[in-house]
Amino acid sequence: MEYLNQKEQEQFSQVLEAKQIKDYTNMMFNLSQGCFNDCILDFTSSKIGEKESACLTRCADKFFKHTQRVGQRFAENNAKLMQ
Amino acid sequence: MEYLNQKEQEQFSQVLEAKQIKDYTNMMFNLSQGCFNDCILDFTSSKIGEKESACLTRCADKFFKHTQRVGQRFAENNAKLMQ
Amino acid sequence: MEYLNQKEQEQFSQVLEAKQIKDYTNMMFNLSQGCFNDCILDFTSSKIGEKESACLTRCADKFFKHTQRVGQRFAENNAKLMQ
Amino acid sequence: MSFFGIGRGNQSVNPQNIALAEQEVELSVEIFNRMVSSCHKKCIATPYKEADLTKGESVCIDRCVAKYFDTSKVLGEHLKKIGEQNAPPQ
Amino acid sequence: MSFFGIGRGNQSVNPQNIALAEQEVELSVEIFNRMVSSCHKKCIATPYKEADLTKGESVCIDRCVAKYFDTSKVLGEHLKKIGEQNAPPQ
Amino acid sequence: MSFFGIGRGNQSVNPQNIALAEQEVELSVEIFNRMVSSCHKKCIATPYKEADLTKGESVCIDRCVAKYFDTSKVLGEHLKKIGEQNAPPQ
């Protein structure tokens, strides 16, 4: 983004902020739907059981750690490409 | 949407209408593709057979009834959350 | 697009060009992800092997030929509908 | 309320309000669409033997929607807990 | 047609026409993309043993596209019938 | 650099630069999201037995990302070769 002057950078950071909110929302929707699909397998009840609830939280934790690790490797590989 | 004044509501209802057309179109695309994927399994002919045709219409009927039922429960659950 | 006058057509062709770049980019992302999913099955190494590499290029070639053939049939069927 | 054209008459349109309302609807539609998709996979059996929802499918849909809402609640509470653990002590 | 700059010369651009044309193209592209995706799943065998489409794959693609168009027709007619049944009698 | 308000002070905003920067970020995010999705399918085992990534999952993710980048490279080079073959001789 070196081609942006200071004024442009200010305006771009506003655009970026709106985009980040949208991306975060999308990530949370993907997380919810993915963990629902993987953990909620029983429809003999309309309440989430203890096992399902534990599965959901493990799924969410793992999802964040996975995303974070991919992010680190992504940044490293990108940096290598830039050299 | 209680925060909208009358003029804003008028303008919003126009925005909403455009969005509804888009959402409806998307739903119809999902319906077509989903029913095609589920019902058209035989590629020894380029014409849709009677069985496939019957499967498609049942698939569409079920899709609408499913969507409608999810919509009813969605509204009820949402209303409960608002209380 | 017969309802567009000359000036509108000029403006539309600019809109179209931007859209085509976006569509092409999306196609390339789908190609990469699809071929990665289908060809990269072994994670005991972080380097792509010869077999995987050959699979990737065959996958890409087939993807283009498939897309092209669907495009031809799509155009023909569309033309038939217009008659 | 309008009185001799005073009041409601000079309302102005704030584009941010329109955008906010639009966003609200978009989020709702997105959640609904994902629910429709997930519950279709969970509850509707293929091949389609009949045009109506069976009793079993109907009950499954009701529970599926309830559990989808519950999932949001469970995950929301969990995220809040994580957030608090990571927050610096006051 | 332009005659001494009269006629074509003073055409004005109606943004609604541009938007309509854009929408038309978008619908076409969307349908095409879904067809490519569905027919790839139906017709292209993995693992990819060769770079060319086999005879079987080529024939399958042709039929797949034809059947995808037919599916739209069958569903369109069915929806029309449903619509008429639900419409109030005149 | 600004000197008595001269220089930086009269910078103007070129909307095309903003759009370009936006596009650049969008492409990056899109690639990242697809990587997250593909590598989740390849590396994360369900049912979720623990909240942490196992050693095996962590190693798999690292290799998956490396191979995803490599895939782009292999395909990019292949496309370039195809393009050259199809280009008319000078």
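In order of appearance the chains are A, B, C, D, E and F, and numbering begins at 1 in each one.
Following the convention adopted for this analysis, a residue touches a chain if its C-beta (ideal position, glycine included) is under 8 Å from a C-beta of that chain, and two chains touch if they have at least 3 such contacts.
Please read all numbers here as calculations on a predicted model, not as lab measurements.
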item: Shortest contact path, chain B to chain C, counted in steps; value: 2
item: Farthest chain (mean CA position) relative to chain B; value: F
item: Rotation, 0 to 180 degrees and nearest 5, that superposes chain D on copy chain F via CA atoms; value: 120
item: Chain whose Cα centroid lies at the greatest distance from that of chain A; value: E
item: Length of the line joining the C-alpha centres of chain B and chain E, rounded to whole Å; value: 19
item: Length of the line joining the C-alpha centres of chain E and chain F, rounded to whole Å; value: 30
item: Where chain B touches two or more other chains at once, by residue number; value: 39, 57, 61
item: Chain E: positions in contact with at least two other chains; value: 43, 62, 64, 66
item: Going round from chain C, first to chain E: chain order; value: C, E, B, D, A, F
item: Contacting residues of chain E [partner chain B, same complex]; value: 27, 30-31, 34, 37-38, 41-43, 59-60, 62-64, 66-68, 70-72, 74-75, 78-79, 82
item: Complex interface listing, chain C residues touching chain E; value: 1, 3-8, 11-12, 15-16, 19, 23, 34, 38-39, 55, 57-59, 61-63, 65-67, 69-71, 73-74, 77, 81
item: Contact footprint of chain F on chain C as seen in their complex; value: 25, 29, 31-33, 35-37, 39-40, 43-48, 52-53, 56-57, 60-61
item: In the complex with chain B, residue positions of chain D that touch it; value: 8, 11-14, 17-18, 20-22, 24-26, 29, 32, 35-36, 39-40, 43-44, 46-53, 57-58, 61-62, 64-66, 69
